[in-house]
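What follows is a pair of complexes built around chain A, which joins chain B in one and chain C in the other.
Now for the complex of A and B:
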C-alpha cells in the first residue's frame, strides 16, 4: 500500500462528475427505503425485498463498476497510468492501493447506505441490518476486485461488467436455474441466510448455495481476480484504439 | 514570411490570396462544392456506420455486435417454441418484446451514444467541424438522427425476426401484421427517446468510460425506481398515479403509449386504464424528452472550445 497512490486515486475517484453519480445512487436508495416504509408499514419483509433486489442486485454492482472505472479505468483510458507505472513501485503495491480506495468508496457509498436503507425501511432488532451489512461487505470486496481487474483487462469493462452483473444474474438466472448459483450476489446472500437462521425464509432471504460454498467461492473469485489484475498490470500495453 | 520573398509570384495575384493565410503555390479549386447538406448527410452516415463499428477496426465491432446478437437471439427461440408447442400466438407480443429486453437495449444505447458525441467534445475537434459550411445545430441533428436511425435499425431487426418467425410458424397472418406494425411504432418511439437521453448524458460526460456508466446508471436506476414506485402506489390504492410515476422509466413511457394507442396488454403488467388522458400525457412526455434532449444538446454545443 502506498499513501500517495491512494491519495491520487481518491482524488481521481471523487473529483469531477463521477462523485455526483455515486451520491445520486445513494440518495435514491435512501429515498426508496422511505417510500417502502411508508407503503408497507415498516415490515421487515418489504425491507428485505428492497435490500435484496435493489440494493444488492442493482446499486451495489453499479457502484462497484462506477468506482472501478474511476480508480483505474479512467487513468488507463487517458494514458496517465504510465506515469504511475514508471515510478519505482511494485505493480502489486499500486493495485492494492487502488483496490483499498475502491473498496472504501464502495463501502461508504453502497454498503453503509444499504444498511441504512434496511433500518429506514423496516427492521427487527437490527438483525436484518446486520445480515445485509455483512453480505454487502462480502459482495463489495468481490465486486471491487472483479471490476477493477476487468477495467485493466478490457476497455469495455463497463459493458461487460454490466452484462455479468445484471443480465447474467437476473435475466439468464430466471431461465436457467444453474446460473443462479454462479453469482456473487447469491454467494454473499448465503451468509445473510445463515445469520438469520430460521427467520430467513419468512423474510425472503434465500440463497441458492450454502454458506461454506458461498464463502469459498467468494474467496476464490476475489483472489483470482486480484492475481490476474496484478499480472495484467505488469504487462500493460496502452493503445489508442477505441 | 521568408518564403514570400523567394516567391514573388504569389504576391502578384492578390485576388487569389484572399482568405488564404499562406499561398504556397498550389492550384486552387474553383468548382462546385457539395455544401452544407452533403456535410450533414456524411456526418449522419458516419455516425450510423460507426455505431455498428463499420469502417473501424475489428475490436470496435465486438461490443455492438455482441449486444445485437443478444437482442436478436430470443425471436428465433420464440418462433421455435411457437412451432413446437403449436401455439396460436408468439410467447411474447411484439410490443412487449423490446421493453422486456430493456436491459440489453439500454446497454446498446449506453455503449454507443458516447461514441457519437463524446470523442468530438473530448478531443476538441468541434471547431474543425464548425469551420466548414455547417451550422452548430446541423451537427446536433445529424448526430441525433444517426444514433436514432441506428437504434431503430437494431430494434426493427428484432421485430422483423419476430414477424418472420411467426410467419414460419404459420400463425394467423392478420393478427401478426397488426402486431408487427405496432411493434415497429414502439421501436420508433424507443429509438427516439433513448437516443435523446443517451446523447444528452454522453455530451455532459465526455470522459471515456464515464459516459457509458452514466447512461446505464440513469436508465437502470430510473427503471428500478419507477417500477418500485409504481408497485408501491398501486398497492396503496392509487393505481393511476402509480402508472404515471412509473413512466419515469422511458420504456414504461413508450409501453404506456402502446397500451393507450393500440389497446395492447402492458409489458409491465400495469392494470390501470388511463384512457385518452393517459395516451395524450404519455405522448406529450415522449415529445418533451426528445425535444428537450435536442435543445439541451444544442445548448451544450454552443460552448465548445479547443481545450
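Now for the complex of A and C:
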C-alpha cells in the first residue's frame, strides 16, 4: 500500500460532486428506516426486509459502483491516472491502495448506515444489526473489488454496474430462480442467516445458498476480481486519440 | 545521458494505422516531433512513455524496453497532453505527491526545486482547479521534473500558452537540454519547433517523413514545387513572360486566373514583380495555393 496514492485517491473521491450522491444515498436509507419504524412499529421483520432488499440489494451495490468510479474510473476516463502510473511503483501497490480507500468509503457510507438503519427500523438486542453488519462488510469487500476492476476493464463500468445492480440482483432474480444463487447479496446473506440461527426464518433472513458456499463464492469472486484488476492495470494503455 | 530508440515501430487500431514503420533515435538535446494534427505524434509519445505497446517493432530506452517496465519512470519525465490532474489539491501538494510517488529521499526539497524551476512558487498554494491553462501546464512540467529525469517527453506543451509563458518554457527546455538531458516535444507549428529544436522529426499520416536539423527541414520545405494563383490585368502576357523567363515550370491559363507552378521559390518571387513591371501588367492578386502545413507535409511524404 502506498500512503500517497491513498491520499490522492481519497481527495479525488470526496472532492468531487460524487460525495454528494454518497450522502444522499445514505440519507435515503436512514429516512426509509425511520418510515419503516413508524409504519410497522419497530418490528424486526420489517426492519429485516428493508435491510435485505434496499440496503443490501440496492444501496450497497450502488455505493460500490459510485465509489469505484471515484477511486479509479474517473481518473482513467480523464487520463489523470497517468500521474500515478508514470512512477516506479508496482501496479499492484496502486490497486491495493485504491481498493483500501474504496472499501473504507463503502464501509462508512453503506455498511455503517445499514447497521444504523436496522437499529432505527427495529431490532431485538442488536442481533439483526450484527448479522446484517457482518453480511454488509462481506458484500462491501466483494462489490468494491468487482466494481473497481470493472472500472479498469471497461470505460462503461457505470452502465454494466447499474445493469447488474438493478437488473441482475433485483429483477432477474425474481423470475429466474437460478440467478438468485449467483449473487453477491445472497452469498453475503448466507452468513447472516447462520448467525441468526433459529430466528432467521421468522425475520425473513434467508439465503439461496448455505454459508460455506456463500463464503467460498465471495472469496473466489473477490480474489478473481483483484487478480484481473492488477493484470489489466499493468497493461493499461493510455493514449489521447488525436 | 539517455537515448530513446524506436526500431520499425508500427501501431494500429483495428483497421486504422496510426503509426507506420517508424525508426528514429532520440538522443540528448531538444528534439521536436513535428506533424499536422492526427499524424500520430501522440501515439508515438504514448509508446515512448510506455503507455501503449507497439503493434510491431520495439521502443527501448538505453536498450531496455519501456512497455510494462515501470522502472523506466525513474529516468523518464512525462508531460501529458491531457489537462486533467488531481484538481482538488493545490499545485504544491500535487507536485509533492508526485515526489513521494517517486519515492525520493527528500520529497519536500525536490518539490520545492521543481516548483521553483517552473516559476510557480507564488501560486503554489492555490487549488489546481483555479489555475489558468498556462499555470496548469507549468505544474505539469514541475511534476515531470521533480525526480530529475534524464528524458523528458512533452505532448503539445505549448498549446494554450501565451507568448510570455511560451518563451519561458522554451528557455527552460533549452537549459534542460544544455544539462545533457534528452528532451522531446511534439508540435504542429513549424516555427515553434524551428526556434527550439536541434533535431526535427517530421511525422505525417503515421509515417516518418523527414529527419534532421531545422535548416535541412526548411530546405526540404522550400525547395518543393510551389503553387500560386495569380490574377492580373493581362494573364496571357504574364504567362508567356514567365515561361520565357524560365522562373515558372508550368502555367495554366484555362480557369480565368493563372495557376502557376514554380520549383525555385526564391527565383520565382524575385522574377514575378520584375516581369509584370517590364510587360506593363498589373498584378491584382497573388495567392499561394498550397501553403497549409498539411500540404507541405504531404509533399514530404509523397517525395
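Assume the second predicted complex is superposed on the first by the 238 of 242 C-alpha atoms of A that agree within 3 Å, B and C clash if a C-alpha of one lies under 4 Å from a C-alpha of the other, contacts with A are read in each partner's own complex, and residues count from 1 in each chain.
Criterion: contacts are C-beta pairs under 8 Å (C-beta built on N, C-alpha and C of every residue); 3 or more make two chains touch, one makes a residue touch a chain.
Only a predicted model underlies this, so the values are computations on that prediction, with no experimental measurement involved.
Partners chain B and chain C, brought together by superposition on chain A, fit side by side with no clash.
When the two complexes are overlaid on their common chain A, residue A:220 makes contact with neither chain B nor chain C. Once the two complexes are laid over each other on the shared chain, residue contacts for A:91 go to chain C alone; chain B is not touched.
Judged by the touch definition given at the top, the superposed model places A:238 against chain C, while chain B stays out of reach.
Contact with both chain B and chain C is seen for A:78 once the two complexes are overlaid on the shared chain. Look at A:166: by the touch rule set out above, it reaches chain B but stays clear of chain C. Of the two partner chains placed by the overlay, neither chain B nor chain C lies in contact with A:1. When the two complexes are overlaid on their common chain A, residue A:21 makes contact with chain B while staying clear of chain C. Contact with neither chain B nor chain C is seen for A:34 once the two complexes are overlaid on the shared chain. Once you line the two complexes up on chain A, you'll see the smallest CA to CA distance from chain B to chain C is 7 Å.
Overlap of the chain B and chain C contact sets on chain A: residues 16, 78, 241-242.
Within the complex formed with chain B, the chain A residues making contact are 16-18, 21, 24-25, 28, 32, 35-36, 38-40, 50, 54, 58, 62, 65-66, 69, 73-74, 77-78, 155-159, 162-163, 166-167, 170-171, 241-242. For chain C in complex with chain A, the residues that touch the partner chain are 37-43, 46, 49-53, 68, 70-71, 73-74, 76, 78, 80-82, 84-89, 97-98, 100-103, 143, 155.
Interface residues of chain B facing chain A in the complex, by the touch rule stated above, are 56-57, 59-60, 62-63, 67, 70, 103-104, 107, 110-111, 115, 119, 204-205, 207-210, 212-214, 216-217, 220-221, 224-225, 228-229, 232-233, 235-236.
Considering their complex, residues 2-5, 7-8, 11-12, 15-16, 78-80, 82-91, 234-242 of chain A touch chain C.
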